[in-house]
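Two complexes follow with chain A in common, the first pairing it with chain B and the second with chain C.
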Partner chain A sequence: MTQNRSWIPYLLILPTVFFLGLLFIAPLVQTIWLAVSDNGMPSLANMRTMMIDINFGRSILNTFLLTLVVVPVQIAMALAMGTMVSKVNGGRETILWIWTIPLGISDLAAGMVWLSILQNTGYLNTLLFSMGLIERQTAWLTYQTPVALFVGIAVAEIWRGTAIVMIIIVAGLNQVPKEFKEAAEIFGASPWTRFTRITLPLIRPALQSALILRTVLAFEVFAVVYALGGRNFPVLVGEAYNWQNQNQNYSVAAAYAVLIMVISLIATLFYLKVIKVDPERLP
Partner chain B sequence: MSNTSFISARRLLLWSGIVALCAWVLVPIYLVALGALGGRSGVYQWPKSILPTGVSLQPFFLFLKTEGVVQSFLNSLGAAGITVALSILLGAPAGYALARYNFRGKDSFRILVLLTRAFPLAILALPLTVSFIRLGLYDTVIGVGLIHTVLALPFAALVTQGIFLGVPRELEEAAWVFGCTRIQAFFKIVAPLALPGLVATAVFAFVISWNEVFAASVLTVRNRTLTAYLLTVLSESPMHYRFAGGLLLILPSVVFIFAVRRYLFAIWGISSK
Partner chain C sequence: MANIVIDSIRKDFGTFQALKEVSLTINDGEFVSLLGPSGCGKTTLLRIIAGLETGTSGDISVDGRSIVGLPPKDRGLAMVFQNYAVFPHMTVYENVAFGLRMQKADEARVKKQVEKAAALLHIEPNLGRYPNKLSGGQRQRVAVARALAVEPRVLLMDEPLSNLDALLRLEMRTELKTVLQAAGTTTIYVTHDQTEAMGLSDRIAVVHDGRIEQVGTPVEVYNHPATRFVGSFIGNPPMNFISMPVTAGHVAIGTKRFAVPAGSGDTILLGLRGETVERAPHGQGLEMQVRVAEPMGSHLLLTGSILGQAARVILPATETVRNGEMIGLTLDAKRLTWLSPDSGISYPAAA
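Take a look at the complex of A and B:
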């Protein structure tokens, strides 16, 4: 590019920089300030209000437990789906399309979908009843059944959120050269060895971005929880929502927001550090 | 066991796995559709039938006639329209700059875009409430569209970068040689080749906005989007209305995803690099 045109790229990125500055960086700074100030003075009062709240501990525990269960299951399912579909020739497109359908489904809709299955007169109870496992309609989504409620929410999240992981991982698998696997096969490596020694290391970049994306989203879980359990299952974003909309206390809501952001940031840095992506080893 | 039957046993296992996973995706959608079309009597039917008995479109139309449903549907379309327009209009030029130019600050710009991924962006709607009230954007479709653009714009910039990288630079340079200005060359040569990818990016921006719940619920009171409306009336609405709402949310985005299914993997391959 000639020197006298060097302003062009800046002109092209300017709108995006301006927009993100105004609606990403500015509110980010605003959130942090709101959380650590009181009437314009630095203060930890909001943090304290947040921490002594009765739902604080439970919402942290619930959010972390949900993330720890949901994300690994989604990665494992996505890897299984990617491996399965790579062995198929005919119908590949159709299978992949069906598996990506939940990508278009919001967490709120996913909650409604699983509500139709898990509610008292729903399909799960019908199935259990017909197999003789229960005698009457059983409630699964109440305060008294925390484990069942947790499992229900986790299943709905896994149902909805696996598609995106699957797409990222299949896109990664498509880039693994066939020669690598064939060579390993000739040298007598078992399918499992080929998977752990050849495939997994080569799709590290895809794994890393899938993990970052899904973990950040998992800490944001809210609507699916609300649709299935109402306020019976407190999570961090749900608490932020209640402080903002019900209690009209924007500062404590901001304190929750800062907490969620710090957790997400730590998780991202953790993945960047633990899953090293070495550009020279990529195909 | 002979070798061929061993192979066919493995094929059988593979295909039962695939069919089971397809059912895992499809059956719940079928069941919520039954719930949405079964009406009040369908909800309390016990034990349930898996077959579509007693199903009609009547309950779904009744739901659509409920006050606020159509309006919030239109609001969702409006917010998604704004998100699509803004994220393509702002994101595509940025993607083009990343694809075609080397400039100082390019890495910093990429970091700014990638940084958005480490943050749960919808939560930034919380402090925006105050500034949006001041600016008159609170409780408007435009305000929701703006915050949804924050979600879709980084994605659009990264994906369009990949799309423009896929258009050979030589074609563009040839157009310059033949006397096109840069702008003419872009619209006559690059844009037509990049169009399918841009459309797919737009569809994703639409789906991102259409499905977003948190920011939309925080930033609106009366002009609710469909997700925000359903969330607020959730606890007082009867079961079959909830199922109908879920179905109404699912239908448009599934159709859109179907329309861009050929680009799904290319796009996510690009954006996850």
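Take a look at the complex of A and C:
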């Protein structure tokens, strides 16, 4: 009886389609149009304004540098953490729970946490001073200390965003039956060989998901950077924010938004191509 | 090629004793099964031999040298897992080659060994394929080929056939026997399937509750079970156990008197294999109240009671017995097992 009413499934998914269309696709189309038009006519003027801006090159460089440093470190850390926690018998859930606490903190709050550590009167300076390593307050987060500023932001981002990678990796590791590792061990594979030749290839889908998710999020980095570096460390989303908020130029902000989207899409495609997941070759 | 001495291996998991001082000697080239119900400790023992688990105490030596404390790779053994553990991301060729690659064997030797093992297991056409393209039976062949390719001193098998369907299991059993005989590798085979153990083994070690209850050839274990457990675990239908009164060192059954082993008390437990009986003329022999008679084609299976105790016997298919009928059975004195009703341990077979 029910299978004859073919319109029911459509009816049931209609609300989600409607709201997605209303709140996602419409703004997307608007944003794209905003970026490539000028006074209602197609134009590349906004793109030009964006590209000749003094912060454009730096924001691209900073965003990519940050992504290139943060994402591999997070993947490596998540793999190490996931592998370690898989050896733990008791208290595994508690450890995972503690590791995922940063996930529950908004990124702006995370930025504030690290600001309280790294600012001139922050915990880091207090510690270094009490240990006699510095003689007066040292500034770490200014445009005169670009390396320290970069490291500070990278550390804060790694602290904040590793948990999500780890959760995906742990889920992937749980999918690998222990017999594979035992078989490899019996046949003489060292722990490192077991990791590289057995575990890593078998968690490719998790690795791919984690890389896509984390890279896309890394290109969208903003709040932590804004809290720690302000305008001393321009990044793409920060520039979009500045053009929209301070310069009141919605069109150039839209151009930045489109650029970020294009970069994210390219990164996703890159991972899908490079880390091929063949269901035939999985457990 | 190796002989293995397992000496008083004990394994505790917390307060639970998985293995209670197990000892077993396996000769060079021998095929020994560890047979027992799930949870009896047989897989734990195998994993301790493999080095995947550490015994609480005791020693295992191969060719006179202790292997306790050695990592698995230095023990010179290979293993076939219950769920095959064939690597899904490698071709069949690379799977079979895996152990040799880990030994850093040169390419010529890898190729030679892989081809040899593949030929033995008839998997040459699949060498270039990925395991997920293969059926369970084919994957099991790959797992066995991978184990044999390294020419191990000892081959360990953990319920290798239990994931296969019944028909394939029978086929692989026969094939395994042929292959392992040709390879001549000392093999320890864990199974809960008594027909597998009977069919494949030179000797069977029956494991129960963390102990080895009996070690012997399949025929010995079948005909002369050392304990009540062994008798009831091996054989289908299981051995019948009938409690009987003893008078003056004899048990009276029908018109005959059977001498029972010295040292038995007022009652003794008769261990009776269902197929060792014959139908007796009316009024003679052991009386059996038949509840259900099932003609199986090859034989007639009777379920009922003897002396008020549940029993199952097998008669030739040519016999006809009605449900509810009372029949007489003739026993063969040489094929009876006598057990102590208290300890469940059998008396030594009469010479």
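Worth a mention:
What we mean here is this: the second predicted complex is superposed on the first by the 278 of 283 C-alpha atoms of A that agree within 3 Å, B and C clash if a C-alpha of one lies under 4 Å from a C-alpha of the other, contacts with A are read in each partner's own complex, and residues count from 1 in each chain.
Convention: a residue touches a chain if its C-beta (ideal position, glycine included) is under 8 Å from a C-beta of that chain, and two chains touch if they have at least 3 such contacts.
The structure presented is a predicted model; accordingly, all values stated were derived computationally and were not measured.
With chain A as the common reference, the superposed partners chain B and chain C fit together side by side. After overlaying the two complexes on the shared chain, residue contacts for A:E179 are found with chain C alone; chain B is out of touch.
Look at A:W140: by the touch rule set out above, it reaches neither chain B nor chain C. Taking the C-alpha centre of chain A as the vertex, the lines to the centres of chain B and chain C open to an angle of 80 degrees, rounded to the nearest 10. When both complexes are overlaid on chain A, the residue A:A253 reaches chain B alone and has no touch with chain C. By the touch criterion stated above, A:I198 is placed in contact with chain C alone, chain B being left untouched. Of the two partner chains, chain C is the only one touched by A:G188; chain B is not.
Which of chain B and chain C touches more residues of chain A is settled by the count: it is B.
Once you line the two complexes up on chain A, you'll see the smallest CA to CA distance from chain B to chain C is 7 Å.
Across the complex, chain B meets chain A through its residues 14, 17-18, 21-22, 24-26, 28-29, 31-32, 34-35, 43-48, 50, 86, 89-91, 93-94, 96-98, 100-103, 105-106, 109, 112-113, 116-131, 146-147, 149-150, 153-154, 157, 182, 207, 210-214, 217-218, 227, 230-231, 234-235, 239, 242-243, 245-247, 249-250, 253-254, 256-258, 261, 264-266, 268-269, 272-273. For chain A in complex with chain C, the residues that touch the partner chain are 177, 179-180, 182-189, 193, 198, 201-202, 279-283. Residues 1, 6, 8-10, 12-13, 15-17, 19-20, 23-24, 27-28, 30-31, 34, 77, 80-81, 84-85, 87-88, 93, 95-109, 111-117, 119, 121-123, 125-126, 129-130, 137, 159, 164, 167-168, 170-172, 174-175, 205-206, 209-210, 212-213, 216-217, 219-220, 222-223, 226-227, 230, 237, 240-241, 244-245, 250, 253-254, 257, 260-261, 264-265, 268-269 of chain A are the ones that touch chain B when the two sit in their complex. Those residues of chain C that touch chain A in the complex are listed here as 50-52, 71-73, 77-79, 81-83, 85, 87-89, 98-99, 102-103, 130, 132-133, 146, 150.
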